[in-house]
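What follows is a pair of complexes built around chain A, which joins chain B in one and chain C in the other.
Then we have the complex of A and B:
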């Protein structure tokens, strides 16, 4: 087991290194640079290049970056002058994670519930309704849904705030999380409900359900104890990537609801060719995804010994 | 394992039920507006949407957000308000007869931590601006001062050689390289606002990145800053002119999406909001006030005389061909269809809001080269002349490339122009829309045919547009050059007589516009709506916009 973990760890580290190296050199290939500014003269640009160490050869800059990275120093943003990338990650990542966790809880629980209801009412009205909901969820883009909900609940009915994330110090509470959570989770909810429905229907024709019925268990017992429990297993495989996707922020939802999250930062960084920010965010997202995969692999290994052996 | 999982899922289910229950319980409780129970005068609070300030350090910041916020937090020697120079930290000043020496006399004023604002603070800040080690993007603002450029480009390393001397705590003497009629208006700009040596040394790069890592001397105090979410300023009771400051507090919400900002305005969360396109008419139809102002920016086509390839360059280098492109465009139709506001067709290089000798430059030098509507007859005759000069025919014309900004509105602009060129001239253009920085790089490298570009004024003088097209100048990406034009511009830069200077610029303007390396399209108007109780918000083309310094709320 330890050898298995060690091996996975080494592979993960190499993946991070490849990611850093590729990103480092690829951003430099973009036309323009962080200082492309219509008002600037070549001399001033030279001063800036010197200030940020860009006058040094690229391999030297790369070595320096790796050195800093080893000390977990991601550098200083070039758009938000003087603010460290670490500092920006520290303020924005928790907000996105908070929103992401809410969206996961909402999407997975409601999605599973709807899937179960649909399966139990196969081909009836409730089933058709969930199919309809699922199609809506997958096909409506986030920004359309955000604009729609904002207009209905924020502008017209005035039940919920239009935008801004909660901030207890300013008296902005839970109500600020509702619309963004709904918008962010809706697509996932749709996927999970369809998946759960299919899974439920597959399980229902298995022998052990027949056995359970045959030995005289009540329909409720069969559904809760046997059908739902087994139908949920395939869902676990979907949880890892879903959590990773929702927790790392959404540009669209964060922009539409003026949420100070990390999803927005990547777009700002790219538009400004803010090298340290682009690199820092890529590493952050990369490490997060790799960590999620690593954990998933470990869990698989624990659950199913065959996976360990196969490796 | 299965049991734990089931347990987790059950918990999730319960939680989600809890969430839905909370939703129902809490929603009606959201109040629209809570009147304060106190009978005392209600604090005057202005609430606006804004972006995150990228750099409050005055010698580092260059963007509109930082300029706008620092207009409230800091104060330079003078204050620029509504295009006029007002006394700021300097209560009076003298200008020598040759226009080269400015002597500023500072008033007794305090930083927010109680220290006195001194002439030495300004001496330090201005040296810091041109110090190459600071790497200020706007260091060129200091090039007007003796040795400013030499220090910034490393020819002189001794900072004390800069033409700025603190004679004593309250007297600052500035020596300019050449007379500059608009130097006072420059002195009020962000780059010349003071930073403080002890704090810059203490915080280094982080100066101005947090409320407690910044010192201020302006009419408002910095109170809150939750990055990317919101920030707030409050009236500074110790400001020398506190009686003129009406607002108690300004609350900024970071909101970058225009549609969200409009929704927030309609829900009553903010007091003013920008409007574009269809929203302008929607608000007018609803009987709500819609205000407009010229923001000073001119959008134009710049033509690369070399072309992206020799095939296109051959035509673009021809003046008649460029004139044909310009006459084929119906500027007013483009504005009406896309901007849907009071933007003006670009008839010349200098927009209307810049200062001349005593009045607006365009008023003192009236002229209009490009018509508001397309003149297809004139366009065709210029095209024919061009074809004759190049000894070729229409069917041999290559397809040209129109370099354009990203975004829907820019695409509409591009499509409208493509269409007009095709209809009126039979000239084909392909559009290339790319990220701003990449577009700028391509333009600088002259890897384009025609570029849809814009320029905003840096200071209140026609020169801010006039010196763009000097041959081999840093901003001239067209390859165009004219000896007489350059002679006039370089002469105007050192001319002490303002009337003569204005005449020289006007002649140069006529040369560059009629040669058409640059084809003006429109001078931009912007629109916004605002609650009736908000009074005295100044919108301006230069410096802080919007300027809230003397804004009031009268409910």
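Then we have the complex of A and C:
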């Protein structure tokens, strides 16, 4: 097992390197360049190119970038003058992660519970109710959902603040997290509830459930110990990328609620061809995703002892 | 009336005939179709889906308007006998726009979902079945492709290909199959350790037969659920691409775009948002219910 983990760590490093290399050269293929201000004289442009090292040949730039990356230095943002990519990540990532963790906990726990309830009441009213919830979750885009909730709870009922993230220093507390968490988590909730329902139904007609029943286990024990545990597999698979996606921020939700998170940064960086930011964010997201998928492969063995990814 | 022994003839036991199969044998798919037909909800949702596709084909031709002709003397009209779904802020007929948008949205939703599912199932199935080095290689490739910025990929694909529906479909399919591959791989990991696979292997089934005939059909439940979610996800992905100028170009439209445009004015003209949103939802609802029925019909364990 330890050997497998060691091997995976080495391979993960190689994966990150390939990702960095690909992104580094792909962003340079994009049309346009970072300095497109028409007021800019050629001298200023040349100076800027020199400052960011763009006057050197591409392989030299690449080698230098890798050298800096080895020291965990992601360079300087071009859009936010004078701010380092590391600095921007340090201020925005924790906010997105905070929101993301809340959304994951809310969405996954509620989603699984609903899925289990639906499966145990197959084709009854409760089951159909979860279908409608799923449809609401998937067919309402995030920005519409955000606008509706802001309008109802923020403007009409005045129960919750319309926007902004919690900031204890300014006296903005937990109530600021409720609407963004609901909005961010709702789609995931819908997906997880449907997957859990289907997965539970796949398991219910297997032989080991029959055996468990025949042994005289109580229905509760059969459901909890055998059915739910075996139904968790597709959930575990999806959990990794879902956590990675929710914790690294959402452009739509962060824009709608004016949350200073990381989700908006990628779009801003893309619009400005901010190469260091695009690369930095890609590496940040990539490392997160690779780590989550690594953990998923290890967890498979816990959920279903027959599975041995590590060989 | 007296029945005598002579009136009966002794037939005896005919080995051949008692072993003969009288009822016609059914393939897996025939049986699945037979069971699907028994489920009323599935049949109704299938009918609704077919109706939506038919309306998308004939809808834009029915009332003499086009999706691009503007009429500035007749803007923001509520639904009426003349304009069944009203008109938008440029005086374009919404009925025609909704159904020509349906063409784009349903086409993208269905085609992209099919393509990404087939790629994901085959690659995920092979990766899970063979495991080891091949699995490691494929999964790291999946990691890299999922971590690459979506927009960078999309813009590069748009640069290479001619503008239109094709680059959107390619971009969404290339970025969409990884989730399904991981899902199928995880299921196959668990399934391949089960007894029926051992039985099939012992009987000499080849690897490709095992994957295609035994492992993938047993993953169909989660695959169908994931497909029913992919269709709306792709419809909205197209709308999002259009929003940043990379999707279908105005005056051509799609459900996602219509809903997004309607959402801007939903407090004053709610019907502009609710009509496209209603059709997206009804597509979703039918897909979910049909998916449930299909899952039950395809599950060999539920056979009676």
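The rule is short, and it goes like this: the second predicted complex is superposed on the first by the 266 of 311 C-alpha atoms of A that agree within 3 Å, B and C clash if a C-alpha of one lies under 4 Å from a C-alpha of the other, contacts with A are read in each partner's own complex, and residues count from 1 in each chain.
The rule is simple: contacts are C-beta pairs under 8 Å (C-beta built on N, C-alpha and C of every residue); 3 or more make two chains touch, one makes a residue touch a chain.
Computed from a predicted model, the values in this text were never measured in an experiment.
Following the overlay on chain A, a side-by-side fit with no clash is recorded for the pair chain B and chain C.
By the document's definition of touching, both partners, chain B and chain C, reach A:30. Of the two partner chains placed by superposition, only chain C is touched by A:194; chain B is not.
Contact with neither chain B nor chain C is seen for A:129 once the two complexes are overlaid on the shared chain. With both structures placed on the common chain, the touch criterion links A:141 to chain C but leaves chain B unconnected. Between chain B and chain C, B contacts the larger number of chain A residues. In the superposition on chain A, A:22 contacts chain C only, with no contact to chain B.
By the document's definition of touching, neither partner reaches A:209: not chain B, not chain C. Contacts of A:298 after superposition: neither chain B nor chain C is touched.
Rounded to the nearest 10, the angle made at the CA centre of chain A by the CA centres of chain B and chain C in the overlaid structures is 100 degrees. In the superposition on chain A, contact of A:217 is made with neither chain B nor chain C. Once the two complexes are laid over each other on the shared chain, residue contacts for A:109 go to chain B alone; chain C is not touched.
When the two structures are aligned on their common chain, the gap between the nearest CA atoms of chain B and chain C comes to 5 Å.
Across the superposed pair, chain B and chain C both touch chain A at residues 30-31, 147, 151, 233, 236, 270. Across the complex, chain A meets chain C through its residues 11, 14-15, 18-19, 22-23, 26-27, 29-31, 131-132, 134-135, 138-141, 143-144, 147, 151, 191, 194-195, 198-199, 201-202, 205-206, 233-234, 236-238, 241, 266-267, 270, 278, 281-282, 285-286, 289-290, 293, 296, 300, 304, 306-307, 309, 311. Across the complex, chain A meets chain B through its residues 30-33, 35-44, 47-48, 50-52, 76, 79-83, 88, 91-92, 102, 105-106, 108-110, 112-113, 147, 150-151, 154-155, 158-165, 167, 170, 173-175, 178, 229, 232-233, 236, 255-258, 260-261, 264, 270-273, 302-303. By the touch criterion given at the top, residues 1-2, 5-6, 9, 12-13, 15-16, 19, 22-23, 26-30, 32, 52, 54-55, 57, 60-62, 132-133, 135-140, 152-153, 204-209, 226-230, 253-257, 259-260, 263-264, 266-267, 269, 435-438, 440-442, 444, 455, 458, 474-475 of chain B touch chain A in their complex. For chain C in complex with chain A, the residues that touch the partner chain are 131-132, 135-136, 139-140, 143-144, 146-149, 151-153, 155-156, 159, 179, 182-183, 185-187, 189-190, 193-194, 221-222, 224-226, 228-229, 232-233, 236, 239, 256, 259-260, 263, 266-267, 273, 277, 280-281, 284-285, 288-289, 292, 295, 299, 301-302.
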